[in-house]
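Next come two complexes built around subunit A: one with subunit B, the other with subunit C.
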Partner chain A sequence: MSNFVILYYTALIGASCLAAYYKQRSVFMLIFSLTLVSFVLGIIGGAGALRFVATSAFVLALAAGTSYAFREFLILISKPGLAKELRTAPLTAAFGMFVIFTYAIAGIFAPWIAPHGEAEIIGQAFAPADENMLLGADQLGRDMFSRIIYGARNSVGLALVATLLAFLMGATAGLLAAVKGGWFDQLMGRTADVIMSIPSLIFALLILSIFGTGLQVIVIVVAVIYSPRVFRLTRAVAGNIVVMDYIEAAKLRGEKDWYLIRKEILPNATAPLIAEFGLEFCFVFLLIAGLSFLGLGIQPPTADWGSMVRENATLISFGDITPLIPAAAIALLTVAINFVVDWMLFRTSGLKEQ
Partner chain B sequence: MNDKFKNAEVLLEIKDLKIEGYSDETWVPIIKGVDLTLHRGEVLGLIGESGAGKSTIGAAAMGYARDGTRISNGSIEFDGMELTTASESERRALRGSRIAYVAQSAAASFNPSHKIIDQHTEAPVHYRIKKRMEAQEDAMELYERLRLPNPKEIGFRYPHQVSGGQLQRAMTAMAMSCRPDLIIFDEPTTALDVTTQIEVLAAIRDIVDQFNTAAIYITHDLAVVAQMADTIKVLLKGEEVEQAPTQVMLDNPQEDYTKSLWAVRSFNSPQRHRPTDGSEPLISVQHVDAAYTGGVKVLDDVSFDIYPGMTVAVVGESGSGKSTTARCITGLLPPMSGQILCKGEPLPPRYKDRTRDQLRQAQMIYQMADTALNPKVRISEIIGRPAQFYGGLHGPALKQRVDELLDLIELEPSKYYSRYPPELSGGQKQRIGIARALAAEPEFIICDEVTSALDQLVAEGILKLLDRLQNEFGLAYMFITHDLATVRSIADEVVVMQHGKVVEQGPKDEMFTPPHHPYTDLLLSSVPEMDPEWLTTVLEERGVDNIGEAAGN
Partner chain C sequence: MGDLTRLVFKRLGLGLLTILVVSVLIFFAVELLPGDIAEAVLGQGATEETVAAMREQLGLDRPAPVRYLEWLGGAATGDFGVSLVSGERVSEAISDRFVNTLFLASYAAVIAVPISIMLGVFTALYRNTIFDRVANVMTLTTISSPEFFLGYILILFLAVRTTMFPAISSLSGDMSLLDLLERTFLPMLTLVLVVTAHMMRMTRAAIINLLASPYIEMARLKGTPPWKVIVKHALPNAWAPIINVVALNLAYLITGVVLVEVVFVYPGIGQLLVDAVAKRDFPIVQACCMIFAATFILLNLAADVGAILTNPRLRHPK
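Then we have the complex of A and B:
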């Protein structure tokens, strides 16, 4: 029995004894059942399996620790009102915020962080990782790490602009439809139905192959595809608000539609709209990555996570994980945003923990 | 202790009950040590303002703590069983079978997609007390005892197919389905009109008597509790003020707070009369007919005048067209025919066609202050906006005007200036609503049931404020209400409406002295009085089968 295995079991049993002594029921149950499972795992998989369990637990603990520290940091630097809200955030949400923060830093300061340019060929094709190229080289010999950093700027930036545009169009139309009603509401609603009835990826491919794959075209196409969803949500939320007495009071005062939207409706609709923004951002991001993977999105040599997966896809048959790195970057961001959105949805739905 | 129940068995005993609620990350006490003893067959009235903890105690009597609250201390003993330490499944087995609950809004408590009788039989079938068919027959018998029309057939309707009063009685029948030992009535008649309330009250009192059921009757209406309860317990902010048998409590209240509750309806504004110099009315509604799109006529030839500086109360039960009249005056619902004159000039039927000055003339105060104030807008902006919009005030002048208005409604400007509506109490919100109407400097204000969502003490404060403002600024009010006590205290003239028609109108003193129109008479005699024998007397006068809705037809 290696030292590692002895250490492993000592740590687990020691921790479960401590948990039991301090009456931490759920912690004890977790650790002790892990000990029991480890007996079986150790027999079947040997030290390797235990090492894997230990590493995963360590990574999880590290992530939890980072999230906790990051949340405390945010609470300290924000204003009292915001700090109170942040205190209610679960660790998952803090983790999501931390990931988003990291991506934002990477994207904004990409030229300073990345050791090489995104289109710079510095080594052999598919060169393995060394101290010069942290993650190895891609199919043309460009530094993978630098391209991931630049990809954060390009992919995330593009998705952000497209989502913002979708929200601008969808929310404006939704608010106007709710306030005006009548034929305008009908017209907007039916237009949204028409757009939604066309499968989104096929619609995007069609338009992109007609108008070419310029950045503006991608942004506009994606925004048009996603604005009907925003429209429907906004109209539903605003529809519940316009029947309130305070809207009636403002109408009877003689206020114009624009004032109603800006001052009376929008403040009450922001919470669900922000939550929806996070959710839609994920979908937009995935759609753009998908388009890039199909070759109709961001064009080479610009670094983009979607096309990076495609370009390096052949490596997967050689057992190399290089093509999975940009894919993992996409997955991590999506999960992170959903963690934050979950928390916001929980808050806006008014659910309280018992 | 009520002599009548000295020898009866104790059914429910609550000792030193403390309940805490979770808010702002700490546990705040809601109930601060209340004792309660209830004997078999006894009806206990719990009374107090909103937030006094009445409903929380009612729920605790079932061993139930609502979401976000916990029972932190004390014991609740129901028929020898300690509920605070009982397991959830043991407590659940009591609910419905031995303890039943009747909620305030029957319409919201029935499941709209099941027939009434199916919901009725659910509990007895679940507890295997009766077979489905037996339970249905029993339901029909209960419906008959509760004097529901068509007892054999009414259960097979869906909740939206019967009226509010009938639904509330069906709910009482449902609570009775397992012949519980204890029923908790949580404001069962608060949402009903006076004419409907009386039949529900009579039905509840009968059935509780017949089965010798103990009951806790929660309400904020003293006159109602006087009819129903054997014993009354007064609560204030989670603490007991006093408890006594009904008659003793009414005749001789001990505590100052109880006395103030009893005296609350004493406010009376001196009656004003129409000017005799032939001057024009401020608002004149002339032969107005109205209907909602494609529907039947809601208003039928409605005419009345409102003179400057006077209060015209419009009364009637719900659905009689009171609020629709207000919507016609404000221009939200253009009338089909007839017209509305303001100082002798016809107003455009649609509010969108009216000038800014015409809109300014008529302001509105709403029933539900919660929905009438935007929760995300500061008080300063809610009140300041009309002043800015109509008066063109800006900067320091606007701030001064807002401070002035806050002073008028007796709220400290520095304290409330930058708050948001959810941080205020119900009465304060209603005051902000009044300030918003005043900010436009109108001559005419429509008050749509402004006090009906408020506690009596708070409501009286609002009425006094409205009266003071009327005297100061010479405002005319159109006061929509179904509460005749309010009419008595504030109105100068009364308009009685039924089924969209004006049944009777005239100065207050004439309206409150006989002879009346039969409908006015019915409305007046249906208002509960503090005398505990009142309900019995009224029932004798009208006959048991001829109360409430039946009497109106």
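Then we have the complex of A and C:
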């Protein structure tokens, strides 16, 4: 029994006793069941497995600590009204906001953060990590770390543009359909049905095979594929608002459609639309990452997370994890956005599920 | 009962109509090519004669609606024309691979469906406990990860660092079923992870929705034991959402399969489609898209019909 194993069990049992003493039931259950699982794990996997558990727990604790600190920071710098809302955010949402903030910084200041250019060849192909290259080199000898930083700008930027376009198209059509009704509503609804009845990745592949892979083509195709989702949501939300009395009053005053949309409907529909924007961004981001992974998205030498995974995939067969880092970057951002959206949906819907 | 069959047939008709519209979309999308297929495939270096010869061979001189009807008639009988690149019949290139893809998808479905429904019901019953929270965070993480990320993680840990399963699923005709199941284990596991997360969350939401309804509260208040509340009161109404969830996620499997096939070099139609897109082999692209879209629509249709059959309230639309 090494010192580590003794320390490990002491910490776990000590923590569970403390939790039990202070009547923290769920914390106690979690820690104590972890202790019991550790017995089994320790017998099967030895000290290595326990070390893995300890590292993961440490990483989790670190993430929780960061999120807590970040939430307090946000509460301190924001105005009283917003601060009150932020206080209700669970740690997962705070973590999400922290990750989004980090990505935004990395994307905006990429040329200053990255030590090398994104297409600059500075070493041997697949050179291992050294003090010059933090994560080693990729298949052409470019710095992996710099490319990941630039990827935050390219991949996220492209997805953001596509989402904005999808949102613009979908929301405008949805609002107009709700206000106008009649044949316009029917036409838009049926078009959305047809587009949604083809799986998104398949549709994207079909169109890309025809028009080739340019940035504009990708943005437009992805926007067209995902705008029906926005359309349906906007149509449903606006449909509930249009039947209100104050809309009737505005119509009787002789207000135009555009005024109705801008001044009467939109202010009452922002909360669900913002949440939908987050979700939509995740879908778009994953679709574009998938296309890039298939070699049909952002073209080289532009650094992009999806294609970086594809280009360096051979390293995986040597047991190296570097090709997974860009993929993990994609996953982390999507998880973060989902956490934030979860909280926002919960808050705006007043959904206090029992 | 006559009412019910009419409603089901109406849905089926609507589904067929959707497939028809989608086929129009898939066929005429290719017509949008700048120039035409012959010019696009042969490229700029082609002479007038070769382009003309290819047009002749593909019958491009005839009007598009006529060619569409021919294509549709062929597609209905399983004949999708000839590949532009290899000259092979598309139906031959697809048939074996389609069986492989179906095998992978059903392998994943057989394992994922029972597990996820059980887990979904479980998390719904023990909602807001720490286990529910952990499950929530874990499923969110799986859903948010790109399929290729999960696939490569599995390869790294289960195929490279510990050589438990083969990383590449090369199949040959004379393998025993057990061999086949072992070879396709990792792609199956990737799909199961993604689909289970989706299905579990949706099942959980459906059940929680149900448990909040007044008649369940009534059953609880009159002292019915918890298992009886679930089996006698909740489950009969839960079938509709559960069937819906299963069908929708099987439809999701169909698209998830494309990326997974590429990661594991699995000989299915997803891989074929991606190759064909890169080579701009339009007949194959059209055929694969048509197959994927039709399966997707049919599964969605199954979800609708299943919901109508199990939920009498849907039979009387307002």
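Note that in this section the second predicted complex is superposed on the first by the 352 of 354 C-alpha atoms of A that agree within 3 Å, B and C clash if a C-alpha of one lies under 4 Å from a C-alpha of the other, contacts with A are read in each partner's own complex, and residues count from 1 in each chain.
By definition in this document, a residue touches a chain if its C-beta (ideal position, glycine included) is under 8 Å from a C-beta of that chain, and two chains touch if they have at least 3 such contacts.
In this text the structure is predicted, and so the values were computed from the model without any measurement.
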For A:L30 in the superposed arrangement: first (subunit B), second (subunit C), both or neither?
second
Between subunit B and subunit C, more residues of subunit A are touched by C
Which holds for A:P300: it touches subunit B only (first), subunit C only (second), both, or neither? neither
Of the partners subunit B and subunit C, which touch A:K263 in the superposed model: first, second, both, neither? first
- Query: What is the contact status of A:L206 with respect to subunit B (first) and subunit C (second): first, second, both, or neither?
  - Reply: second
**OP:** State whether A:C282 touches subunit B only (first), subunit C only (second), both chains, or neither.
**Re:** second
*Does the superposition put A:G181 against subunit B (first), subunit C (second), both, or neither?*
neither
Touching A:K251 in the superposition: subunit B (first), subunit C (second), both, neither? first
Going through subunit A, the residues touched by subunit B and also by subunit C turn out to be 354
The residues of subunit C that touch subunit A in their complex are 18, 21-22, 25-26, 29-30, 32-33, 127, 129-130, 137, 140-141, 143-149, 152-153, 155-156, 160-161, 167, 208, 211-212, 251, 254-255, 258-259, 262, 273-274, 276-278, 280, 282, 285-286, 288-289, 292-293, 296-297, 300
Within the complex, subunit A is touched by subunit B residues 22, 25, 67-68, 330-332, 351, 354, 356, 359, 364, 366, 368, 371-377, 381, 385-386, 389-390, 436, 440
The subunit A residues in contact with subunit C across the complex are 26-27, 29-30, 92, 193-194, 197-203, 205-211, 282, 286, 289-290, 293-296, 306, 309, 313, 316-319, 321, 323-324, 327-328, 330-331, 334-335, 337-339, 342, 353-354
Given the complex, residues on subunit A that touch subunit B span 87, 244-246, 248-249, 251-255, 263-264, 267-268, 352, 354
